[in-house]
Amino acid sequence: MAGNSFGQLFKITTFGESHGPAIGVVIDGVPPKLPLSDADIQKDLDRRRPGQSKITTQRHETDRAQILSGVFEGQTTGAPLAILIRNEDQRPKDYENIKDVFRPGHADFSYMAKFGYRDYRGGGRSSGRETASRVAAGAVAKKILAKHKIQIIVYTLAVGDIYAQNIDYKIIEQNAVRTADAKAAAVMIAKIEEARKQGDSIGAILECVVKGCPPGLGDPCFDKLNARLSLGLMSIGSVKAIEFGDGFGASRSTGSVNNDRFVLKAKRVSCLTNHSGGIIGGISTGEDIIIRLGLKPPSSISQLQKTLNEKYQEVQVRVKGRHDPCLAPRIVPVAEAMIALTLVDCLMIQKATKL
Amino acid sequence: MAGNSFGQLFKITTFGESHGPAIGVVIDGVPPKLPLSDADIQKDLDRRRPGQSKITTQRHETDRAQILSGVFEGQTTGAPLAILIRNEDQRPKDYENIKDVFRPGHADFSYMAKFGYRDYRGGGRSSGRETASRVAAGAVAKKILAKHKIQIIVYTLAVGDIYAQNIDYKIIEQNAVRTADAKAAAVMIAKIEEARKQGDSIGAILECVVKGCPPGLGDPCFDKLNARLSLGLMSIGSVKAIEFGDGFGASRSTGSVNNDRFVLKAKRVSCLTNHSGGIIGGISTGEDIIIRLGLKPPSSISQLQKTLNEKYQEVQVRVKGRHDPCLAPRIVPVAEAMIALTLVDCLMIQKATKL
Amino acid sequence: MAGNSFGQLFKITTFGESHGPAIGVVIDGVPPKLPLSDADIQKDLDRRRPGQSKITTQRHETDRAQILSGVFEGQTTGAPLAILIRNEDQRPKDYENIKDVFRPGHADFSYMAKFGYRDYRGGGRSSGRETASRVAAGAVAKKILAKHKIQIIVYTLAVGDIYAQNIDYKIIEQNAVRTADAKAAAVMIAKIEEARKQGDSIGAILECVVKGCPPGLGDPCFDKLNARLSLGLMSIGSVKAIEFGDGFGASRSTGSVNNDRFVLKAKRVSCLTNHSGGIIGGISTGEDIIIRLGLKPPSSISQLQKTLNEKYQEVQVRVKGRHDPCLAPRIVPVAEAMIALTLVDCLMIQKATKL
Amino acid sequence: MAGNSFGQLFKITTFGESHGPAIGVVIDGVPPKLPLSDADIQKDLDRRRPGQSKITTQRHETDRAQILSGVFEGQTTGAPLAILIRNEDQRPKDYENIKDVFRPGHADFSYMAKFGYRDYRGGGRSSGRETASRVAAGAVAKKILAKHKIQIIVYTLAVGDIYAQNIDYKIIEQNAVRTADAKAAAVMIAKIEEARKQGDSIGAILECVVKGCPPGLGDPCFDKLNARLSLGLMSIGSVKAIEFGDGFGASRSTGSVNNDRFVLKAKRVSCLTNHSGGIIGGISTGEDIIIRLGLKPPSSISQLQKTLNEKYQEVQVRVKGRHDPCLAPRIVPVAEAMIALTLVDCLMIQKATKL
């Protein structure tokens, strides 16, 4: 209820703050006999960790994942998996000057309103660092999806007003901004560096594509697949908008255009167009699931900003520390994780439904 | 798990299909001693029911709500509220010609993929009729919010590419399309009628504003207020996109612009701008919560469409019956309901947190 | 959370008070394509309803179940089942003299402490009438169990100090007290009638036997099969004690005696003895599951009792109305229902586990 | 769902096996601003840990608890608490001879039936070691209860057929068997030592008393306080029976005797007798809550036993290692923990109910 768990049958609970000894995650509901090692998890953590490139924060965390339970002789046992990630590069001093300040765009004030108390070092649970736990859990979910031949692709569609145009998934991991268009990548990176130089930050849009999702996942009413994916994806700190298929574009369209015609393709029911983004009536159709996420510009900027402190006095603050000028490249694996966690859960529920 | 419940402490479970004897909802967790009568619920149901105006479906349902339990001498007792709404205007014949057809844009195929079986009369649980149960429950939630002086306003921001411009909440209930701009209303209505005449339908955008929400609602991690609102709102059949505050606009913005500066207003912490839409770090700030919902054009259109039937044969279908050419006016009370249900739940959780 | 739901994947929510218009239950998670009719449910309701014999209350309720949703052309659709049971024989006048009295043994005072308000007519949600909803849901669960060849037998093991000795399951439904020993039946019935004549009531013990439960149901930690069965069975109003296998007898035993030796029987692993009652480490072994339930004597007695009223004044009360002098025969189908609901849920969870 | 979580608003998730690197627990829903240190938790862990006395297992574990998150400057923050306990004294060799054997009384066979795979070293999740995590979480719950002046007392009522008679709570922590009767203590200890010498083990009964519980906790229907306590207590590995108040004694009683008369005591409503054990209609009355737990004799005995191995061959097994001949003294703090966790959860739910 206190909101640190996600999922129903494949359920994760994350814990930890960026300035305590460790963060981590417990996954309950992992099917037994799944081959799994620390390395499986590390691969994705490395894609999220800070310091990967010049356009991400220079905070130094190796983010080593250690599986504490639930694996025996290289296979899951059905017992809960606990994964621990030690914090290494803590610099609480970075936060001394802002300990009683409500940083603009940050959850400092919301936290005080909610809890009457806060760990001012690094944003507590609303810190981006919490997402490492999600990525670790997502890596386990992806291993299960791989068995079912379900693949998740996430890439940076836009940075500010620079859009990827000629999409080529193969290059996503080959450029620092994780976009799918080599030309756009260079422009995006320049844009991000410019923002950083100005002590500023910049927003972005991610596109998510799920390939190979079988039809029939999701439920018709409150647990629509798009509703559950929205819950998971909107719970990523910087996401302010989400759309499925044509999304807001469908709001300007008509039924005769927007309805996807069913056709037979390779002997299975398929859609001639995919305006619906692979989900109709809350249930997957078997077409690619298409999602776009709107990311706000990071709130931590080094420009001087006016705000209030805890005594309600007007103050000026410059958010020191090592921050990301654009969240897109590091949110890519986080979005993958939230999608993977949701899909595994839906697969398990679907399995149970056909008792 | 099977997804017909919503909420944690204030939890609703809906049931019923449009062509069975009745639909309804059970609300568990209603605080005791809340004054409540059938009339309280009827008021909102009347705003959702079909046949209200020339631009909504002409299906005739009075949608009379009857409280079956949980109220004694005009007050809630703390026991679960069951609310029943009898179905009246069933015309299963309307569905005879489509009983084995996968209507484009409809969940017919998704249902078969999920359940291997379906009630072809009216779409089963993915029917818009299910939302009457949500509206009934939402009416109870709104009575609780009223005690806390929290107000929810939802209106049609756009129909196709016609946008409301000069916003005046007072006129929302005075025009058939439930927009907040009298001039735009006329154009929107004309646009909807035109679509209907062409046997077509049209998409729309709703804007939702919550006034008076106290700071501190929502949780920092998975149960962010925006995540939970997204779960609820995205579970409304026609919603394909959602954004909070500047939403996708924030993706094109910079931190120095997008960060909301905290200021003191009437002795309470407030924001000079509200790019964040009243939620930062997943927790309400006390500013107006601003949400926009992208609605797809209704899938039921009377134009002839090509599709497949259950034998995977290509067929042509004309969706007969009495359908809405634009969902916006009837989704307004549904969106209000989902927001109200979410907020009451968050208020209760917040209450428990401060043990 | 407010506690009117039971189950995880096969989840029921009950509603209704004995003196409102109706009671009922919503079952979410019913697998599709299960043949089901009102008659399937009525059969078990008839075994629970009042007025069956001279040793049960003479309140007259036909308890007609009506399925409102989730069934189409005689089969479940996967949508939630709502089952409604109208109240017929309401005599709120019976409660006039006790409306402000805390009846001894009843939840009147507890209710006031919890809710600050109560529906004094018939005990509200703690009324035995609520169990009709459970029995209706249990009938659906039993149909699923029957497909899996799992059978539940519950009978009256003891009334006061009279114990059934020569157990013959076939006669259970042939005697008014639902015991499994014809000779003991006569003595038990006499004992119950004697209690009633004295304006008193009497306690009893039920024995529950599950045959055909596959090994592997239940979870090793908090959701042990015995823990979940205890949750369900202890939630029946009159149950004050529960034991599995040898139960308290095991507390006086030694490991060398109490450990069940594994042997091969008909090519499957089996136990030579069954001290554990079919559950070891929280997981079913495949042996018969054996449970005993201690029922308290009903609190409603017609003898004059001293107590307090809501003004904290000492008063005398005689609980009028038509009450059961012994709960055993009518709790038999309720216990069956709670066991059936738990087992179906565990079967579904087990199905999902092996993704 | 996979059953490693307990609680609704104050929710714990435990993880870890006795032969992995660590066990632990995540507590979600801890109210903010509760003073808390490792030492608060250690105190109870020390009461559960092995090697405390000659009648407990000689396995050597210091069971040092480390809080990894959720505490800042000595106070809880509202973020999830993760508590880690490293395993120290692992001797997997002890399990070599039983790796493919279904030990009688143990969950080895149940596990294989459920998961198709098992970590044979020490019983996996059904190991008693898992309860250390519960005790750690329970220590946090007790700190909250202490603020509400609610006290939990658990002691050994019987070992085999030796019962404590002259109850004096003050001596519970002064004798190795944690009974409340000094004379009986000596006899019980002798009995346990005798069992051990014979390579055998012995059962026991615990009595639990909750003092100061306010009236109004628990819910009228499925989440009755006794039902929820049963779920928690029956999920302790060795518990085979549970009763509230007079329990099975009530089954032999009559209503006129068993009904507790309400009287005014120190200006509050109270009961003259407490046959109901402090809970009526599933809700606390304010009287002492009285629970008795039947513990089976531990399954690990050093006598030679016949059983099967994984190839279904008959084998003889002697369970080596360092085991408890009687579980009572070490289960005392575990039972306290499960009661404390349940009560804190009910307090939080009750708080939320009165919105």
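The letters A, B, C and D name the chains in turn, as written, and every chain counts its residues from 1.
The rule we apply is simple: a contact is a pair of C-beta atoms (placed from the backbone, for glycine too) under 8 Å apart; a residue touches a chain by one contact, two chains touch by 3 or more.
Computed from a predicted structure; not experimentally measured.
Q: Treat touching chains as neighbours: how many steps, at the fewest, connect chain B to chain D?
A: So the least number of steps between the two chains is 1.
Q: Comparing centres built from CA atoms, which chain ends up most distant from chain A?
A: C
Q: How many angstrom lie between the CA centroids of chain A and chain B, rounded to a whole number?
A: It comes to 26 Å between the two C-alpha centres.
Q: If you average the Cα atoms of chain A and of chain C to get two centres, how far apart are those centres in Å?
A: The separation of the two C-alpha centroids amounts to 46 Å.
Q: Measuring centre to centre with CA averages, how many angstrom lie between chain A and chain D?
A: Here the centre of chain D sits 39 Å away from the centre of chain A.
Q: Two or more other chains touching the same residue: where does that happen in chain D?
A: Where chain D meets two or more other chains at a single residue, that happens at 1-5, 8-9, 14, 29, 32, 78-79, 114-116, 124-125, 220, 349, 352-354.
Q: Of all residues in chain B, which touch chain D in the complex?
A: Going by the criterion above, the answer is residues 1, 9, 29, 31-32, 78-79, 144, 220, 344, 347-349, 351-355.
Q: With touch defined as at the start, can you tell me which chain C residues reach chain B in the complex?
A: Checking each residue of chain C against chain B gives 1-5, 8-9, 11, 13-17, 20-24, 26, 28-30, 32-33, 66, 68-70, 72, 75, 77-82, 84, 114-119, 121, 124-125.
Q: Show me the residue ranges of chain A that touch chain B in the complex, using the header's touch definition.
A: Residues 1-6, 8-9, 14, 102, 104-107, 109-111, 113-116, 123-126, 130, 158, 160-161, 195, 198-205, 214-224, 226-228, 230-232, 234-235, 237, 240-248, 250-264, 269, 276-277, 279-286, 294-301, 303, 305-308, 312, 314, 349-350, 352-354 of chain A touch chain B in their complex.
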